[in-house]
Every structure is written in structure tokens, then in C-alpha cells.
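In what follows, chain A forms one complex with chain B and a second complex with chain C.
Presenting the complex of A and B:
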């Protein structure tokens, strides 16, 4: 019997290659289902318009659209990543291919990093398209400054933390996908897509800050409105992003190890 | 007899699935109640919200109508989303092909087990949501057995929509984001059936083609306007309600058969 020594993952160059391979795989899958992705973007747009008409009593109130658009873009990133991340893992578990991925030299951490990069591209692609359509279509004016990039990046990272957590739970409970829709509804309702969170009663507003995108959207809205970034929610946002990414990664690695041990892959 | 046994087995399987998802249902419970409570003061208040002025008061009449609007939507959610995820799981594991060993038509196997489980789950979630909302604001709904008629026809429409989604799933597999939007559109357009917001004419006209609108309108007429559930005409009239339910079920069966045919021809019915 011959044995084949797997390359060690200690070298940074190999680690980068492994992550890049996972990302490339994710992007290839995304390209294969590009028609569906475009459909999703169109549907996000229709739903958002529906919300605006519902709240506006059958009319689009442009200042309200401008105040809620950043939340839609954050939601598009978080929900696309969560649903596609969860759906992808469920497909691999059900199809038996997740077990095969564990035979390679890449650790679960590196694999998930590669997957997240592809999910980020998918979510950001959807968000950019939506942003361009609504900003140009409704003549929305924001105060664009370099500082806006800070909450934008943090909001994306926060959304990815949420997606990672949902993906991690899917490893343990494959059928969890259905509840992601309810979480999605909650993020839309309480995360600022329906109405800005500042209009909620104080107790509800406090609760909304624990959701994946709320703090990021508040910081984003502040900078887009020309207010300073360094007051208010930035500190909490950084903490939220750190906790959600750390929690997501920890639960993912723990659940993969447990599934390996129990034969659940 | 063999058909009944097969049908009973599918229903049993559907209930076992529902039981295995009890934690999810428990998590869903408070969310629906909170949606109902918070949505009331926001509907049609766009200008005030943009100006930063929202009056957070719970109106008994508005909340009662919202409950009757939302409960059928909960059933739609339970039926459509969970049929999709269950079917997707069967496609991915390859067990979907076993459906063809059953004496029942494949569309009935996919829909039958789910519909009973979805009804029980809806009863539980709707009952709990009703209880939670009732704790905050008194609800005035004139319950009558006649409301069972629109309720059953809403279920028929929901089965039709879930079969359309199921047919699309057989062809395109991971279409979960489509579910989100379809459900949201069904909910948004059915708002035209209740007098909580003034919607433009095009919205009212378009909404009539959506599967939930006629049912919600009939429920509203029956439970709040004390009209007969058997009244023939109007948005919630029995004729339009029967037409939409029958059309959605027929289109659902056709879409499922079409999706099935396409997947069989491509050899992609199961993916493993």
C-alpha cells in the first residue's frame, strides 16, 4: 500500500493558494448561476419598492427611500451571503461532498475564508447594482466622502459574520435554511429597510442594535448625511463586527470538528 | 385503500419533519407577533416617518385587521418555504427519485405531507401570535365558522404557489432568494384587500392576480364587515376566490410537471 503525503499548510503561500482555490470555486459557481443572481437583484429591488409603497401609502417618499437605501444594500450583502452560504453547505452535506473537502490540506478555517470571499463578491455585486439603480433612478443625493468607506467595510464584515454563523449552524442542523427567511424578514424590518431604526421606540431601537446590519447602517447613514463618523455608534460597530466574526468562525470550526468526529459530514 | 395509505404515510412524514423543526417554529413565534404589533403605526405613514414623527400607539381596530391579514401569510410562509427546503434536501440527497415508486402522483406526494404539517404549524404559530398580540392590545374579531371557507381556499392557493416554487426548484435547485421575494410580494399586494392604507388603482388591480388577496378580502368582509363568506362578487367575492384558488392549484400542478419533465430530460432530477 502506498501513501501520499499531503503538503503542509504552514506556508503562507500555500495558505493563500488554498483560500484562492476555494474563492475561485465559489466564483465559478456564481458565474454558472448568474441569471439567477440577476433575478435575485431584480426581486430585491421589487420588494424594496413594495415596502416603500406600503409605508408611503401607495407613493414613494424619496427622503425615506434615501434614508433606507443603505439598509437595503447592507441587507442584500448579509442575506445573500447567509442564504447562499447556508444553501451551499447544506448541498455539500446532503450530496456528501463536504466530507471530501476535508481530505484536502486546507483547514476548515482556510476553506471558510475562501467561501466567504466568494460570498462577499456575490453580495457586493448585488448591493452595487441595487445602489446604482435606486440612486440614479430616484435622484438620491448623498454626501460621499472617503470616511464613508469605513462603516461600509465594517457593515459588510458584520453581514459576513452573520452569514458565517448561519452557515455554521447549517453544519449542525442541515434543515436550518428555512429559518434564515424569518431572520431575513427580521433584519429587513428591524435593520432599517422598512423604516429607519431611529423612529422605533427606545427599547426596540436598543434591540435592533444586536442585529447584523443595524449599527453599520446607522454609521453609514451618519456619514452619508455629512455627519461625523467618530461620534455615536462606531465603537459599538467595531465591537459588533469583532464578536460576530469571532463567534461565526468559532462555531463553524467547532461544528465541522464535531461533525467529523460524529460522522455527520 | 393503497392510495390512502400512501397519502397517510406522506402526511406522517410531513409531521415528523415539522416535529424535527420545532426549535425553528419556537424561534419564529415571537417574530410574527412583533411584526403585527409594530407594523400598524407605520403603514401609510411615509411622510411622517421621513420627518421623524411616528406616533407609537396600538389601535385595537388596526391591530385586529393586521392579525387577520398576517395569519394567512404565516400559512403561506410555512407551506412555500418549507416545501422548498424539504424538496431541495431530497434533490440533494437523491431521495427525490423514490417519489416515483409511490402510487400517488408526484405533485401530490410533494404537497400532501407538507400541507397538513403547515396547517398544524400555522395553528400553533397563529394561536401564539394571537395570544402575544392580545396581551398588548384587545382584539375585536367576529369569529365565525364561515371563515373556514376562505381559509381552506387560501390553503389551496398556497399549495399551488408552493408547487410552482417546487417545479422551479427541480430545474434551478437553489432558488431560496426567490422564495423571499415571492412571499414578500404576496404579502405586500394582499395589503390592497384591507382598508389600512390607500393604494393606487394599479396596485389594487394588480393585487387581484396575487394568490392571497381574494382570501384576505373575503376574511375581512366576513370577520369585520359581517358580510356572507358566500357573497359572489367583489375582490373578496366567492367566485373570484374560487377562480384564483383553482387557477393557482392548476398552474402549480402544471409547473411542477413541467419542472419534473425538464429535470428528467436533463437527467438532473437528483443531484448527488
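Presenting the complex of A and C:
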């Protein structure tokens, strides 16, 4: 009998392939569920426009649109990734495929990396779509600089940390759909999508910084407006990103292990 | 045509050159959930390569928990599981790669994806490369009659086809151990027959160790080399199927004779058969019963007394009644299972 040998576990090349496999699957599933993402994008584009018209007394005030658009894009990344991540894992639990994915050498940490990569693509896809529509449609102009990329990347990472946390909770919490919805509303309102965060009273503004994406959007708006990146916000943003990603990954891994102990897979 | 493909062995084991004697070794396995429910209680099982073990039990007996513990999907409270020599608790990543599983009540594969995408995903999940998986995926899908629809979403398939995809996904890396939890549930006759043929072939021709749970006991009887019955988390019987059946063979003899009983009654008042042709007038021994069974008549003698049997056979010869068979009464697995489940637990 000939032998089909499995590669040694623990090799970096295998780890990369396992992460890529999860990412590939995530993207294939995204493509099958693209109608969901498109619906999300259209719905939030209409809501955003509606609020702009409401605030502008029936007119679009371009400077206000420009000030709130980065928040919308950050929200799109965070909420699309959270919804797809949470919905995807719920479907896997109910369908039994989450159990099947545990029958391989990939640790939950590696699998979460693959999932995160796919969620990034999903979130960015929605954000790019919205960005193109509003920037081209309303002639919004920003002063793009290489430094803009830093808060942009950190904001995306912050949103993904939130999405990962929601995905992780889905393994344990049955009513995660309602919780995600409430969080989504909070991020939309306090994250500067409807009105800039700067219009809130100081105490509320301070509170908003604990939410996903707010710090990132503040840093992003600062660089887009031509101000310096190296303000106090950046440090807090880096910390926020680190904590949210670490928290999301830790909760995910713990919940998968707990599901193994309690028969939840 | 059924695929015969290379045997999957972890590279570590190839290097070590230490083949495990039993594919599955389960010792003292117990699971108590946080609620206090004891789902599995001190289960010990051994499944050699090339063997189908039928794990039978009523709902809630602990079959699925046992299967999931073997697959590493539930952590046992106590006990040890070794898969081809790899300890599931301490060498999990190597151990789980020895398994292909079709789990009960679940889709097992991604319905939005195509059969082809699913097979590639599950092959890569175990660490194989696309180039290694594709020939086997093609062969499996061809053998299971799915090649023509390989690019369609699995969700659009019939139930039987979906189950075939789940089986193909479990076999994509050619694992030496197959765990099948209710694999024929909800399948029509043809799909069920295909699945049964595959299970038999996997063990007999490819030497795989198969653990099968099912409520369809005729399926278990047909396929299992060994049967383990689990009740309230405990194994109450674990025997080769033949031995289990032999143990429950009854002290009664059944004689099958060609010819049918008359439509209105099988026996007259004196224990004489009212039948067609040569059956008419045959006198039954005391305590014997007769019943029509299609084109034959089944007479059950109340004991294995050979004198009584020979006397009855001589009478049949005298009447010229054509004998079809003589056998000891043998309850089927379903009847034995029901008896086992309802018997008082041993102290």
C-alpha cells in the first residue's frame, strides 16, 4: 500500500498553508453571500445620506460629509466584519462544520488568523464601495499623505478586533444577534458617523473613545485635514488596537476550548 | 468502481515506524457535564484496523458524546483515547488527523460551497496541498456519482447527495479511522445502499477502522463485525456480532416447508396443518406453531429435542412435503438490542 504522508505539524510552512486555507474558505463563503454585504452597503449608504440631508436641512453639506465619511467607512469595516464573522460562526455551529474544522492540526489561534484575514477583505470591500460612491459622487476632497495610511490601517485593525470579539462571543452567547445590533447602533452614533464626535460634550466624547473605531477616526480625520499624526491620540489608538485584537483572539480561543469541554462543537 | 487510494499515515509515525496494534483504543472514558449529567461512564473499547464497530444505544445513551470524545471534539472528564497510537489529549493535532468523521444531525460540509471546494478545503485542513488532494477528490466524486455536479453549491443537492459529499469530505485525506454517526439517516433506499457498500468496502478492502452509530439496526447487523451496546453511558455489551447473535439464539427450531397454508386458518383443532397439496394433514408436535411466510410455511418447534425434530421431519418426508430449511430460531439484532436495553442493569 502506498502512503500519503501528512506534513509534520508545527512547521511554519504548514501554519501559513492552514491560515491561507481558512482565508480562502472565508472569501469563497463571502462571495456566495455577497448579496448580504451589498444589502448592508446600500442600507448604510441610504441612512448616511438621509442623516446628511436631515442635518443639512434638505441639502448635503459637503464639509460635514467629508468630516463624517471616514467614520462611516470605519463603521462599515467593523460592522460588516462583525456581522459576517458572527453570522458565519453561528452557521458553522448550527451546521456542524465548526466541529469538522477542529479535526485538523490548525490551532484555534491559527484558524482565527485565517478568519480575520477573510473578515478584513469583507470589511474593506464594503468600505471601499461606500468610499468610492461618496468621494466620487459628492466630490469630497481629502489631503492624502503617506502618513494617512498609519491611522487608516490602525482603524481597520481596531474594527477587526471588535469583529473578532463579537465572533468569539457567538461561540457562547445565543442572543449575539441582538447584542451586535445594539453595539452597531452605538458605534454608528458615538463613533462619528452621524455627527462628528467633536460636537459631543467632553464627557461623552471621552466615553466614545472606548468604542471601536472612534480613536482611529479621530486620528484619520486629523491626518486627512493636514494636521500632524503624532498627537496623543495615536498612542491611545495603538493601545486600543492591541487590546481589542488580543481580547478578541483570547476570548475566541477560550470559547472554543470551553465548547470542547462542554460539548458545544 | 470504488476508489482504492493510499493509506494516510502521519509522517511522525512513518519516522517512528511504530504501527499501532489497534486503530482506536479507548480506556476508562467518562464524561460528566457541568450540569452533573454523566453522559459517558467508564467506557472501554478497542477497534482494530479493518473492523466495523457498531456502537448502538437509545437516544441519550452517550453514543454521540463517545464519538465526539474520540474525535477530540469533547474533552473527557477521565479516561484515555489513542488513535493509531496518538494520544488525543497530548498529541491532539496528530491524533485528529487520523480521523474522518461524519457527525450526526449536522451538515458536516459547507452548503454554500461546491462539492469540489469542500473537498479541497477539508483536504487542506489536514495540511495537504491542492495538488495532492485534487486527484483523490476527482476519484471520490466520480465514484460517488457527483462529478457532473461538482461545481454546484452543496445546498442545492438532494439529502442523499449531501450525505455523499460529507462522506467524501471525511475520506479526502484517506484517514485510517472513520467515525460515522448516523450516516444513513434520512437517506432513500438507493443512497442508503451506496453508503452501506462504501462502509463495508472501507473496512474490508481498505483496512480502515470504522465506528458506526445508527438506529437502523439492520444496517448495524449487516455492517458491523462487532457490536457495542451503550445504555445510560455504560457499555452493556461488546461482542463480535456473530457471537452476540449466537448468545441469543433460542432453544427452538424452525422448519421451513415449501407450500402455503390455506387462507382461512393455519391449523385445525387437532394441530394438523390445513395447507395446499402435500402440507395437508401434517400433524404438528405438541407446542409447535405454524405460520405462512410468503410461498413457504414456517413451523417453530418448542424445543431443540432432536427426537421430536426427526419425528416431524420423517412425517414431512412421508407426506412428500418439500423441506426448505431447518434452523435454530435466531432473533435479529433489533430484538437482541431491545432485550439488552430493557434488561435490569447488572450490579
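The rule is short, and it goes like this: the second predicted complex is superposed on the first by the 253 of 265 C-alpha atoms of A that agree within 3 Å, B and C clash if a C-alpha of one lies under 4 Å from a C-alpha of the other, contacts with A are read in each partner's own complex, and residues count from 1 in each chain.
In this section, a residue touches a chain if its C-beta (ideal position, glycine included) is under 8 Å from a C-beta of that chain, and two chains touch if they have at least 3 such contacts.
Predicted model, so just to flag it, every value in this text is computed and none were measured.
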item	value
Chain B versus chain C as contact partner of A:96, first or second or both or neither	both
First (chain B), second (chain C), both or neither touched by A:202	neither
Greater residue coverage of chain A in the superposed arrangement, chain B or chain C	B
Partner chain(s) touched by A:184 [first = chain B, second = chain C, both, neither]	first
First (chain B), second (chain C), both or neither touched by A:261	second
Which of chain B and chain C A:18 touches, first, second, both or neither	second
Which superposed partner A:33 touches (first chain B, second chain C, both, neither)	both
First, second, both or neither for A:56, with chain B first and chain C second	first
Touched partner set for A:106, first chain B, second chain C, both or neither	second
Where chain A meets both chain C and chain B, residue numbers	33, 95-96
Chain B partner contacts - residues on chain A that touch it in the complex	33, 36, 39-40, 43-44, 46-47, 50-59, 61, 63-64, 67, 79-80, 83-84, 87-88, 90-91, 94-96, 173-182, 184-186, 189, 194-196, 198-201, 204
Chain A partner contacts - residues on chain C that touch it in the complex	5-12, 14, 31, 33-34, 39, 65, 68, 71-75, 93-94, 96-97, 99-101, 103, 105-113, 117, 121-122, 124-129, 132, 153, 169, 173-174
Chain C-facing residues of chain A, complex	1-10, 14, 17-18, 21, 24-25, 28-29, 32-33, 95-97, 99-107, 260-263, 265
Partner chain A, residues of chain B touching it in the complex	17, 20-21, 23-24, 27-28, 31, 35, 38, 42-47, 49-50, 52, 54, 56, 77, 81-82, 84-86, 88-89, 92-93, 172-181, 183-185, 188-189, 191, 197-200, 203, 271-272
